[in-house]
Structure formats: structure tokens, C-alpha cells
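Please see the structure below; I have some questions.
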Amino acid sequence: MLLDEMTSEEFAQMVRLDPVVIIPFGATEAHGPHLPLCTDSVQPEAIAMAAAERLECLVAPPVRYGQHSSTRNMPGTIDITFETLHLLARDILHALRRQGLTKAVILAGHCGGLHMAALRLAAEEVAQEGGIRVMLIADYDLAVAKLSEATDDMKDGHGGALETSRVLDIRPDLVKRKRGVGTAGSSGGEVLRNPEKLYPQGFVGDASRATAKAGNIVNEHVITELVKMIEDRFGE
Amino acid sequence: MLLDEMTSEEFAQMVRLDPVVIIPFGATEAHGPHLPLCTDSVQPEAIAMAAAERLECLVAPPVRYGQHSSTRNMPGTIDITFETLHLLARDILHALRRQGLTKAVILAGHCGGLHMAALRLAAEEVAQEGGIRVMLIADYDLAVAKLSEATDDMKDGHGGALETSRVLDIRPDLVKRKRGVGTAGSSGGEVLRNPEKLYPQGFVGDASRATAKAGNIVNEHVITELVKMIEDRFGE
Amino acid sequence: MLLDEMTSEEFAQMVRLDPVVIIPFGATEAHGPHLPLCTDSVQPEAIAMAAAERLECLVAPPVRYGQHSSTRNMPGTIDITFETLHLLARDILHALRRQGLTKAVILAGHCGGLHMAALRLAAEEVAQEGGIRVMLIADYDLAVAKLSEATDDMKDGHGGALETSRVLDIRPDLVKRKRGVGTAGSSGGEVLRNPEKLYPQGFVGDASRATAKAGNIVNEHVITELVKMIEDRFGE
Amino acid sequence: MLLDEMTSEEFAQMVRLDPVVIIPFGATEAHGPHLPLCTDSVQPEAIAMAAAERLECLVAPPVRYGQHSSTRNMPGTIDITFETLHLLARDILHALRRQGLTKAVILAGHCGGLHMAALRLAAEEVAQEGGIRVMLIADYDLAVAKLSEATDDMKDGHGGALETSRVLDIRPDLVKRKRGVGTAGSSGGEVLRNPEKLYPQGFVGDASRATAKAGNIVNEHVITELVKMIEDRFGE
Amino acid sequence: MLLDEMTSEEFAQMVRLDPVVIIPFGATEAHGPHLPLCTDSVQPEAIAMAAAERLECLVAPPVRYGQHSSTRNMPGTIDITFETLHLLARDILHALRRQGLTKAVILAGHCGGLHMAALRLAAEEVAQEGGIRVMLIADYDLAVAKLSEATDDMKDGHGGALETSRVLDIRPDLVKRKRGVGTAGSSGGEVLRNPEKLYPQGFVGDASRATAKAGNIVNEHVITELVKMIEDRFGE
Amino acid sequence: MLLDEMTSEEFAQMVRLDPVVIIPFGATEAHGPHLPLCTDSVQPEAIAMAAAERLECLVAPPVRYGQHSSTRNMPGTIDITFETLHLLARDILHALRRQGLTKAVILAGHCGGLHMAALRLAAEEVAQEGGIRVMLIADYDLAVAKLSEATDDMKDGHGGALETSRVLDIRPDLVKRKRGVGTAGSSGGEVLRNPEKLYPQGFVGDASRATAKAGNIVNEHVITELVKMIEDRFGE
């Protein structure tokens, strides 16, 4: 399943079957005092692996660097520029196409506005060139449909109960026991120089409500939905 | 009010008062068979002028070219690339700062995802450099709070009843009498080469419900909200 | 005539006639104490509209930002970089070509050296790619043939009697009554950091001689010449 | 040790100790019929982890995409452009510096000429800006000193006995049993369009001689040398 | 005088005297059947050497590649892009400044519009940054004042009597005996795809009138003027 | 032989014979107290001329600016950026191809790592596009086979006995009589901000052993090898 654990010949054989390839795009980003910096990496990587098993498709090496706006100045966020992320995604799609793959899925674990825009810009450019079809999915968008499994706080967000539950299901060893409540301020339309000030706890929601069980239900839902979406677009 | 109708000296005097400057970013984009290509230009330009009168602030020359994804292949959409729009917005902010202005508002009439991202990227870069504060507001986001004035179709969107009502209030001469219903398909997560196929009528919503009266109520609301937001951030 | 006042369908019908499209490129630039910052915008916009009426052709949305060297540090000049102007002109030509237009005229109101070079670079690149033919005309170059209608000062230049007369004909409300004499120094071949020092009055020529009548004669000449040039190249 | 398995707070505390951070740069590249595409990734990642344990330093998330020339057209090589790799390395160094880290080690598993140049260009630019010191080391350069542990073929190279031995020590499950001999032709100074033709087997050397034991000796040597080099430059 | 014929130490000593440095920018361009492709290179190089002797200043290594529009498709024109020329000139100015030089003269032998614009753009950017002052002079502009020494054809131009005379004075061995008349057509404002068609002979003017004697008078004039201009701006 | 000493017509005739074209890429770089800054320029230029005579091929105008890392801060090094050198080489190859030439040899006098990488990147890109074949050769790599003619110091390097001997053969007037010994330190894997500190004398080797005779033997060898390599790849 993992594209780069194959040999060159195994890869060549696999390509003849015209498989889907999923590329997990994570990030290294502050997620409050209870979640690891790899929160946005481990989620799409786990989802991609599970989906790939069901679909018998490939998973390309994950990318663990992304673009960040609001958490950029928080300790631990390692952010790359919009342009670099855009070029990286475009180059990977180009290389996959050159290798004969025709169906790619970018699965994004971080769904910041500019981050997603960089991935979308790359996807649109390559889709317009043709030769490879591209899906772009933020796994958070699928997970949020099951938000009520984890919390009744409809404003739950970055690093909140939903994400914490999901990571408790995937990598419980990386989640701290002490989990509190995080709030978000509003910039009132201003593009701030220090947006981290709007997030005094560094996350948004009531992380104390998170449970591995809820996370498991959400993750199962995300995997099922993702598989369905891919089959709908790329199946026969 | 209009920055470029002043002389150099008048502008220099005005700058001493440290005024806000609003920059309307429009677009030239297909909006169905009943609305003009300048739909996304006339709305923020009219709003900016009205707000500037109340705030006694400046309106910079509008930009009438934007980035387009879903309508890119429809007749009449004149789209510029993400990078060009990004550089244009950045250069204008840089130039306004060099001229001594310290408070800018980008008012976007078109709110496509990549279009807004290009403006946001520019705004974030300049805000991080300092010397000028920047607000970024899509007037559609303010208008949508009053959607029910124009229609009860909660899926109303691009070129629908809300936009049609607003243009009927601003430039009724540019709106066609015959106004129908537009529907939107789903790409199921795929980034399409021909996204226009999802919009067979070229717009989304029931434009037949649009009225100038509703448009006026919505526009008044947008002006009032915009003025309030600017005063909240940039007032004393 | 105004491209963006059409609907998508009207535009599509017009394109079938293979019309010429004129794109007015103006600027926001200091023009002395008597002329507005939009001096270089209103001239090509008015000329383009008049020519389009005679030619039954399209006028694309004007651009009111340009590149500036000598006036860059004067109050009110809002300048964008060479590269941004180049990309903007190139993108617009690309988009017009994608829409099926085959004959474009860039009409420049500002004729600074680097500004014109940015437009020319874009025009040459697109012309070499093919699919659309491009004319590039600075309306000042056509006007200067009638300089003697406005003044006998052969060194009349930026913001001088010729330009003032033309704006008096087009937008008399934007011209101040008090109009004096502006002089220009020489940099002796040096590329100056503060070139504005060579223009202590911010304009060049004897603006007191300007009259609306002379402006009208000049503008009529410019329109007639432009129409003739376009017919010569793009007519059958 | 793994930077992104920490929380934001843990990272902030760690930064106060002014630790070294190692960034493993791998690749996805054809390495003959016996080695996996991740050969250049697993080596520096394993070395970095072992060195980090001894040095009590950080390991940043690895990058598994690189620039490729000679193997570019072989099945399974996923290559990104020089410029993208350069920007990615530069951005990561910038972000680490912004986070307060002052000592970075780029550990490259792939040592192609342009690949290393892209990393070096980034390292030189950031070093010249100051604020963070950068070491750039290709682990192959350290390993080759122990080449004779694995083979007596002095022309052993890409995917040969040395690399195969090392991967046998690190990820034996990914190495095929059948391992043969690969040869390399010469381009005679020409920069070829199809350089893969010079490598008919896709690797260079006698892989049949590879043993996990030799690999272990080599890897221990690489770790020891790397630790010594880092202590020499970044120790007190 | 020739900067790069000095040793590092000699250069360091020279820099202490704060000398002017002249950088000849030539081109490789078709100049009709009688003149060599290096016509625009040998002129500024000879002028620079003569001026440097009088001024006791430095001459940097010449550049013999430029940007070309109208002759781009003629045999022998080797043209580089606007952007490359711009970056090259900028980099050279930056490097000279980093070496402690504070007064640079770009002497251009080719004076095509975009070519000069690329040099000017670089010069303006570096002048605005400060630390080095820059003059930009096209030697043709100085030579044309003595046009009547070579011909009475006021439309003499590219490769005509003036240039031919000058090269006859500098490198007579490179000028062909057979020299005729070249004419220029007009593009009527269009930016042509094949502009070479406007120049059927590849040059403009009556080259048969050219004489080495006239060339010598013109060249002496250019040297004298250049020396005077440099002394005016950069002398004490 | 010199491409730019031909007329346009002579060049066109020559192109019909499908000749090889050699492009000498030199540099302006500190080479210790005994060698001129043009050391890396005069070597490939002399070699190219001699080889071209034997091969009856073309020599394009030399480039005398390059990218420099370790000597960047030494007096007299005029360095251009990686990107500029890359674009310059690419543009020249593109222009030669547009002119109908199909076989190019880049002959590099300076062989710094990033400098060569910039040339290689350009060569690979153009070779992959097709239409022209490209060889890339550093003349130092050919010369070093005859190192023992000039010295028995196997660590002889930049500005040492080998290079000094070669320049004594080519331009003895530019070599100083006083020639000593230069040493090199090690950066231990660090990418230094001030790499010049590793070279206290500014060169590496025992220059006192250099002789014109040894230089002549080496240069003859380089010419012969280069001719053979070109004939092997580009001959019939």
C-alpha cells in the first residue's frame, strides 16, 4: 500500500492496474497543551492507510509541513510559505502523472484557509493540464458531520473535542491527560499581525469531553465516507 | 472620497488626517443570463462609496479583474491568475503604505475561494511587515445575513436572488427582465477540469424572486455593518 | 460597448462577430497641483469609449494602477511594480484570447518608460504565442502631434498644457482653476533615488495656457487617429 | 526526540535548552529490483534517530521527496523540481529559526548532484542571513569510508552493496532476496535526455554481497561520525 | 583598468580610491550583411576602455548577450529574456556594491526598448536600495548628436551609416566592403509576431556612406561626452 | 570561429553545416595574490578557441560572471546568484536552439559546486525539452588528470600550481612573480557564513611550483581530451 515501500518493479506492475493514489498532507502545528504538533499529520495518515486497504490503492509518502496563519507564532508551528506548498503539491502531482498514475487524492489533515488554497491551486492547475484526475478532501470536513459524537459544543474547532477524540483513537500515547477548554476571539475582519492572541489557550473547544471511543466512531465514519467518495468518482 | 479624483496636494492634506482607505476588488465574471459581467464590481464599488461618505474616508480606484475557478470557462469571465491577483493586491497595499496611509480595507465583491485566498495572502504578508493595518471583507458575507429578505431558498448563491436583488438596487439598467432558476451540481470532492458543467444555467438560486426593494434593504445592511466593523477596528 | 456591462450570453454573441477589444490602462499618479491623480486614466477611458462607438467594438474594464519612476515619491502616486503590471497585462490578454477574442488594443494613458515596457513585454509574449493579435498605443503619442493647439512650449510634458487641455475637455470638474508653470531638471544620465527633485512643481509645461477647446481638438484628433490605426491593422 | 510528537508547550521548553535539530531529507527513488523506493529515506531517518538519542536533540519531520536526474524516468521515482526542494529546505530552516532554534543539521539520504545543490543553496542563503547555523551532511559520504565492509567493488554506488547492506540492517523486510549486479555506463560529458539508459539494471554494484552485519557496522560508523561532527561544530 | 585583469589584492587597493566602474552591456545581434553580430558589443567596450583611461576608473567584464525584439528571428541574434537581463544587471550591481564600489555606469551598446528597460529596472531598484549610485547611458544616444558626420539620412538607424562608421573605426576587419541601403517598414502600432519582416535588409540607413574617419569623429565625441557626464555626476 | 564576429549571413550559412557551438562560462573571482580575477575566464576561452580550430566549430560569446560560495567575500569576486546564472545559461541554450544549432558544449572554467549545478540544471531542462543536445564540461576536471605535471601536492586546488601553470601558458602577463603556498581549512560539514576564513591565503596549493611549460602540457591535454569527447558524442 505504501508507495515507497515497493521496489521499482513492484511499482511498475501496480501502475498497470491504474490504481488510485492517496497523498496525505499533514502539518507541524501547535494544537494546545494536550495534543502533539503532529495532530494534523497522524489523522490523514491513519485514514489514508485504512482507506487504501479497503480500496487496494496506493498511499504516497506523507508531507508533514504546511502553511499556517493563526497559529504561526505559537511554539512548535513549523510553517512553509503558500508558494512552497503550492509548488510541492504541484510537483508531486506532476511526478505521479509522469509515472502513469491517473487518479490522485490529496487528503489534507490541516484545513487552514490558505493551506487548502495552496493545495487547491495546485490541483486545479494539474487538473486543467489533464492526464491525471485529482480529488482534494480535508478529512476534518468529513469528521465534522459526526461532531456530536464527541461534544455538544457546536463551536468546537482547532484542537478541540473532535480532534482530540480522533487522536485518542489513533495515537493515544501522544495525548496528555490534562485537557481543558479553549476559546477563540474575533478579529472583526482585520488580518492580524499576531492572530495567536485570539486563541489564549491555543485551541478551541472543550477537550475534556474527548474520548477514544468517540474518536473511533468519527474515524470510522471518515474512512467510510472517503472510500465512498473515491469509489463514486474514480470507480467504474 | 475617490482617491484618484483628488490632486496630489489634496491627497497629501487628506493623508495628514490618517484616513481609512477602502479598495474595492471586483471581477469580470459570468453571472447567468440576467446579470451583467460586472456584478461583482458594482456591488463593492457602491458599498464602498456609501460607506466612505459616512466614514469620511478614501476609496481607491477599483480593480475589476479577479481569479475564477468554477466560472472560468463560461463566456465573459476574464480571469487573472492567483499569483497576479496576489501581487496586485500586495503592490497596492505597499504603495498606500508608502504614501502614509495606515488603515486599509479590501472590500471584495467576488468571494471565490482562491480569489479570497490571493487577497488574504497579500493582506497577511503586508500586515506582518507592519506599517499599515488591513481588513479583508467579502461584502457577500455581510449580505448573506439578510438572505431571507430576498428569498427563502437557503441554497441561493452565485447570481441568485440575493445578488440579483442587490444589483437591481444599484444598477437596475443592467439586469434583464427574464430571470429564472439556476441549479448547482456537486463535484464529489473532485477538482474538475470543466467545473462549469456543474452549473448548467450559470447561476445558483431562484433569481425570479429578486426585487430592488429587497436589494436595497440588503445593501443598507451591508453598508451599516461595514461601517460598524471599520469603526470598531480603526476608530478611536 | 463596455464588455462587463454585458451578460454572459450577450458577450458570447458579440464574440461571434470577432470584434476588436480595447483595454484602457490608466494610472494613479501625481500630475501637479491642478490635475487629478486619475489624469492618465480618464484620457484613455474617454478615448476608448469614443473609438469603440465608431468601431462598434468592445472596451474591457480599465486598469487604474501603473508603474511609476519619476513621480513615485510624489503624494498620491500609487505605483505597482513592473512585474505585476506585466503579469496583469499578460493575464488579461490570455483571458481575452481564451474567450475567443482575436484582436486586442492596449491603450495606455500613462507613457512612462518602464510602464510602457511592461505592457510591451506582455504584448510581445502573447503575440509570439499567437491566437490573438495585439496593438499597443500610448494615446499621448497621438496627442502630441497636436501639441501646438494647446501650447507653443515644445518642452510641454507630464501634466502640462496638452494634458491639462485634454482633461478640461473630458472632466473639467476635476481641473483646478489655478494653473501655473512646471519645470524639469536633468539627471545627467544618473538613475536617481529621488527623481521627484527634478520636478519641483510636479509637472512640466505651462498649464495656464490650457483650454477645453484645445483639448477637444486634440482629443478628436486622437480618436480619429486611433480609429484609423485600428481599421488599418484589424479591418478587412 | 521527534519534534512533532511533542506538544506546543513541550517544544517551547525544549527550545530553551538551545538543542540541535536534525532534519532528515529522503527521497522516493528507484533503487534497482531489490531495494524499496524509500531506500534514501529510511537511512537518514534511522541515523537521525540514533544520533538524536545520543545527542539529546530534536528530529524534525522527515521529507520524503527529492530532486532526481539519472533515475527520473525509472518506475517509482517521484521527483520534485530543484526550485521546490530549494524553497522547501529554505522555508523549514526559516521556520525553525523563527521558533528560536539556532543549530540545524540537514541530513540527506539522497546525494544526487542537483539534489544536494538545492539543499546547499538553501543552507547558504539562510546561513548568510544569520540567526541559525546550518550543517549539511549526506550520510552516504560518511558511509562510503566503510565501503570495504560491504564489498571490494570500488565502483559500488547507487543501490549497490553498501546501500543494500545498510537497508538490510534498518528495514530487512523491505529488501528482496534476489540481488544481482548492476552496471553504469558513461554519458561522456553529455547531459542526457534519457540518462536511465546508462543504468540498465537500475543500480550500480554487486548487491549480492550485501549483508545486514556489514550494514550494521557501516550504520554504527555513520552514527558515530555524525555525532562527532555535530559535537565538534555545535558542542561547547 | 580591466577589473578582472587585476589580482584580488590589486582590486582591494583600487577600491580604497572609490573609483567609478563602467560595465559595458553589448549584444549578439544581426546588423545587416555588412556588420558583425558583435556590433553592439565592440562599440561600448571600446568607448568604455577609452573613457576609463581618461578617468582612471575600472571597466567590469562586458556582457555580450541582450534582449531583442525586432531582430529576434534574424539569423545570428542570440537573445536572452527580459527577466534574465534584468536579474543579471541587478546581480552585477549588487556584487559591485558588496565589493565596496559606490559609483557604477552601465554603458549600453544595444538600445532596444525592452533591453534598455531591463537595465533601467535593475538600476532603479539598486539606486532605491542605496549604497551605490548608478548611471545608465546608451552610447548610441551620445553618438546620434554627430549623425551628420556620417550621413545626411536623418532616418539612419540600426546598422546604418552611423553604426557602420563607428565599427569601421573600432574593428575595420569585421566590416564587409559591400555596404548597401536598408529600409524600415511600420507596424502601425501592432506588436508583431514576425517584426523582422519590417526590415527586409536587416538594417536601416545608407551604410555605403559610412567611413572610418566619420566613425572616429563620432567615437571621439562619444568618449568626450561620456567622460564629461561621469565627471559631472561622480566627480567632486 | 567566434560566433559574434560573423555577420548574420555568414552565421546562417554556417548553421547549415550543423556545427557544434562551444560556450565558455568563466567567472570574476579572487584567486590568491598571484593570479588575476579572470583566471577562470581565460582558461576555458583559450581552450574553446583551440578546440574550435580543430573541430571547425563555433565559439559563442563568453560569460565572465559566475556563482561563488567560498570566495564570495574575498576582494574582487563579483558573483551573481544561482538563479540568474541558471536562467542565463538556459536562455543562451534556448536562443542557440532557436537559431538552428543542435549541438552545444558548455565549457566551465569555474567549477564551484553551486555554479556547476546552475549550469547543469539549465542543461538538463533544455536537454529534456529536446531540439538541442548539450554537453557540460568543467575544464578543470580534464586538467586534473595531468596534475602531476605541475605539482606533487595532491591537495592542490583553487589558484594552486595547476591553475597557475595553465594561466602562465595562456596569459603570463597577468601572473605575479611572487607565488607562495595556500592552505585550506575544513568547515566540518557546516555551511559557513564566512567561508573565506578557511582560505587565509585565498588559494590552495604550492603556486611556487607552477611553470608555463607544465601549463602548456596540461592545456594541450585538455584541448585534446575536449576535442575527443566532443567528437565521440557529436561526431558521426
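By written order: A, B, C, D, E and F. Residues from 1 in each chain.
Just so it is clear, a contact is a pair of C-beta atoms (placed from the backbone, for glycine too) under 8 Å apart; a residue touches a chain by one contact, two chains touch by 3 or more.
Computed from a predicted model, the values in this text were never measured in an experiment.
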Which chains, if any, touch chain A and chain E both? none
Shortest path length from chain D to chain E (each step joins two touching chains): 2
Remotest chain, chain C as reference, centres from CA atoms: D
Which chain lies the greatest distance away from chain B when centres are computed from Cα atoms alone? F
Chain F and chain E are one sequence twice: same or different residues at the contact, by the over-half rule? same
If you tally contacting C-beta pairs, which pair wins, D-F or B-C? B-C
At what distance in angstrom does the C-alpha mean of chain F lie from that of chain C? 49
Indicate the whole-number Å distance between the mean C-alpha point of chain B and the mean C-alpha point of chain C. 26
Using mean C-alpha positions as chain centres, tell me how far chain C is from chain E in Å, no decimals. 30
What residues in chain C touch two or more of the other chains? none
Based on the touch definition given at the start, go ahead and assign the chain network to line, ring, star, complete or other. ring
If you start at chain B and step next to chain C, which chains follow, in turn, all the way round the ring? B, C, E, F, D, A
In their complex, what parts of chain F are in touch with chain D? 69, 82, 113-114, 116-117, 120-121, 123-124, 127-128, 130, 133-137, 188-193, 229, 232-233
Of chain A, residues touching chain D in the complex: 2-9, 11-12, 15, 26, 28, 30-38, 41, 60-65, 74-81, 83-84, 87-88, 91-92, 95-96, 99, 174, 176, 202
